[in-house]
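Letters A, B and C mark the chains as written, and numbering starts fresh at 1 in each.
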Amino acid sequence: MGLTGLEIFKQLPKKNCKECGQPTCLAFAMQLAAGKASLDACPYVSDAAREALDSASAPPIALIKIGAGEKALELGNETVLFRHEKRFEHPTAVTIQVSDNEDVKAKVEKINKLVFELVGQIHQVSMVAVANDSGDASKFADAVKTAQENTAYPLLLISSDVAAIEAALEVAGANKPVVYAADENNYEAMVNAAKKYDAPLVVKGNDLESLAALVEKVAALGYKNLILDSGARETSKVLQDQTQIRRQALKLFRPFGYPTIAFANNADPIVESLNASAFTAKYAGIVVVNSAEPQHILPILTLRLNVYTDPQKPIAVESKVYEILNPGPDAPVLITTNFSLSYFCVAGDTEGARQPAYIVTVDTDGISVLTAWAAGKFTPETIADTVKNLGVMDKVNHKKIIIPGGVAVLSGKTAELTGLEVIVGPGESAGLPSFFKKQWNQ
Amino acid sequence: MFEIIGERINGLFIDIREAIKNKDPKPLQDWAVKQAEAGAYWLDVNTGPVASKEEQAEIMAWMVKVTQEAADLPCCIDTTNWMAMEEGLKVHKGKAMINSTTAEQAKMDALFPMAANYGAAIVALTMNEKGVPKSAEDRSALAMELLANADAYGISPIDLYIDPLVLPCNVAQEHGPEVLEAIRQIKLLSNPAPKTTCGLSNISQKCPNRPLINRTMLAMAMVCGMDSAVMDACDDELVDVAATASIILNQSIYCDSYAKIFRQR
Amino acid sequence: MAVNIIKERWTSKVAESTLGPDGLKIGGESTLPFMHFEGEMPNRPVTALEVFDMEPADWPEMLKAPYADVLGDPVAWAKKVVDLGADMVALRLMSAHPDWKNASAEEVAKTAKAVADAISVPLIVIGCGVEEKDGEILPVVAEALEGKKALIGCVTQANYKSITAAANGYGHNLIASTPLDINLCKQLNILISEMGLPLDRIAFDPLVGALGYGIEYAYSIMERARLGALTGDKTLATPVVCFVGQEAWKAKEAKDPDVPEWGPQDERAILWETTTATTFAIAGGTIFILRHPESNKRFKAFIDESMKA
């Protein structure tokens, strides 16, 4: 990301000495912005200005790496406020908190079991947080050790006691856990502890102002492997602070140029789950909850999948035969693409019409009916191959398939290739109920 | 969103000159309404030549006042007479636009504080005492000076409308590509970028086919980053070009009635 | 280091609409959802619970249970959802569906009038979903509800003319429904307003999908529409209706009582419906049509928290 002429000009000495070969500092700034000159040509630029100009070429939100091994993850490098502008890069790390006062092994094992299949992919939580509720450093280190031995997830170490953090890092530091947190009172010691293992460190303020001030102090100690906590815990405040931090970071306000953490922990697990989902959609890099119950976690992971989907790349469902409402041998066979929304619409409207049916999704790389047709991915050949390979006609006692109305032109060739009767369905899935009534069930 | 600055309330036009002479608000107000309905976002107000500065200031105040009585739009106060500028600003409702300063230090030092004081936007021309530069680079260098000075006076780049000076294509053809390139460069000078504007019909001075040349220039300039233009808001096809270019550049959300909606903002 | 709180200079706002005999206000936001530091959110997002004019055929047991004693009686059902805390009643005229009872316009209008007379909160009336039939019944319903300032829908490109004329004549607001396409949504708002119904009497329905079932499409449409509204696009500045209950309860995650690896249905289903709603709330939704009373309660509690400055 290049700097603009005005931003560079503000850092120059404005002496108009001409020693750089340009008539004015302004002209020099423009040459620099255009990449046609080097800052070294200016003999009077201050070190502070030089550093400001150097750091300005860094991305607006730093990339932070957490953990080791196959479950290691990355946060940051985000470039937009709204997913429709481009896409969100790194999905929120959904993190479940364990207390060093409870049976760590039992809860961690429960967390390990939170594995869900969503649209053909495996989705899991991202981290385990261990909280030093006992206030005892060695108990904390033991809990961290137990957690580490029983899960491959990266850890988040929660304690305001530097000694407890140091003890825990001795156990787990090599695996790059997140250290929580450096605050106004302990930041120097926390920075030293985290630095030793190059572990990401959360900087915790009481509000945006104090957070920015503390990040500056931590950065002055030479540590930039950071994650931000504005201290907000109320739903409304978290949403506002998360938005401010993202906005400011994108406008290159450097103290906020790191991923964030938000705590949704709540005694009421429904409230907790709802807040965690909202924080996931609104910019939290890490979101922390207490519950390890699947009914509370599945909605958060599902929303994360949905919001972090690249809007330019639609989600695909698996290419297979889907059975709606236990279809029998006389049920219709509907053909559509494996674009998730196409499938959901066809499935939803078929179910809504209370029509048992088979839905065959042709693999079109997840693009919609008309787009796939235009791109040559939804053709008589691909339809015929899919129908044949999936063996759907073995399940029924008729020889008819129904294709979307938008690709009526494919019916003749498809009939020829499959030897089946090809019925042209409605142009929109909303037309399915009346189609079934008027054309199929007659 | 592209901003049309309606050019018609100008003492250079005979009907407006007569109206000023007779203190008859009707022609100004008719044009205000007509331009507003046609899609104007600002209304340029220019007294035309007037004998004395004091008299011109008085006329400007009257013109701004009667124009705003008829249309709920801000004015682009167009004069080189600073006293007239200030009198116009005093009576103006809402955010006005000052038209214009150049990169001459004395002008910048007078007009930027005035803009800051009245919370007005300001048009700034990429020229100085040496005249209009030819190359895109020299135009953007002047734009940078304008921007740096405006910034020093606390004016946000989004209130600064830089005009790279469009010249007639029949006599200054070589300026065409330089102006277009300058628009591109100006949009990269700061973040947020300054706005850009121009006197569009200059491009076709004394040419046959003026409307065609204006429309073509508008589309080309918008691609480069032109945000507004002083232009004929009542040239329906010209406004259609602005509306369509806005859609193609994804500056507003498409719908089948986009051209109509563009005029209703 | 001083933090310069960035406030966007929004130039415009969402239209404010009034519903019901007592003038419930919705919309009017001059900022992004819940960004209280830079603009006003004068009215909170509101909820409606759905009431069917006949016993719903496809509702899972869990959803029928809270209404067990009123399922065949829309008036009693409507009173019940008001008692359960819904801000509005959403009456769905399912009996008019040709596949069901194919009830006449006069029959459903009578039901709508009886329900409206029994409640003091605003009434939303939803047709049977068959465009042609809705084009016939909704004008008659609109006439029967004169003076109730109801919200009537859903109108589409195919049937908006007859319904818009009736809504305008009898003082109601409309839900304009378009399939997940911001351009069509904008165009339908324009077509309706060109018939003389002001934009502040339209709410648009982008045909939302449930959590896990395409929720992100309507989410981004709402975000884009809100940005448009705040930057001066009046044709997208109408409040947004989210048919959350209808969609969420189609999802197997909500309606399937027995999937051990997803946890018990009671909490799972409520979270499915409520998360779908809260997600649209942070994107810019205004009216949330829900089905389960517990979801209504949970959603309103979330809004209470989010509305705190």
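Some observations on this one:
The criterion applied here is as follows: a contact is a pair of C-beta atoms (placed from the backbone, for glycine too) under 8 Å apart; a residue touches a chain by one contact, two chains touch by 3 or more.
This one's a predicted model, so the numbers in the text were calculated from it and none came from an experiment.
If the chains shown are joined wherever they touch, the resulting network links each chain directly to all the rest.
Compared on C-beta pairs in contact, A-B and A-C come out with A-C as the pair having more.
One inter-chain figure worth recording: chain A and chain B are separated by 44 Å, centre to centre, where each centre is the mean of the chain's CA atoms. One simple way to say how far apart two chains are is to compare their mean CA positions; for chain A and chain C this gives 29 Å.
Counting partner chains per residue, chain B has no residue touching two or more of them. Residue positions of chain C with contacts to 2 or more other chains are 224. Looking at chain A, one finds that residues 251 touch two or more other chains. Only residues 140-141, 144-145, 147-148, 151, 157, 188-191, 193 of chain B touch chain A when the two sit together in their complex. Listed in rising order, the residues of chain C touching chain B in the complex are 182-184, 186-187, 190, 224, 228, 231-236.
Note for the complex: chain A touches chain C at residues 82-84, 116, 118, 208-209, 212-213, 215-216, 234-237, 239-240, 243-244, 247-248, 251, 253, 255, 269-271, 273-275, 277-278, 281-282, 293-296, 298-300, 302-303, 305-307, 309, 311, 340-341, 344, 348, 351-354, 428, 430, 433-434, 437. Contacts from chain C toward chain A in the complex involve residues 1-6, 32, 34-37, 57-58, 98-99, 130, 179-180, 209, 211-217, 219-220, 223-224, 227, 250, 253, 261-264, 267-268, 270-272, 274-275, 278-279, 282-283, 298, 301-302, 305-309.
By the touch criterion stated above, chain B contacts chain C in their complex at residues 1, 252-257, 260-261, 264-265.
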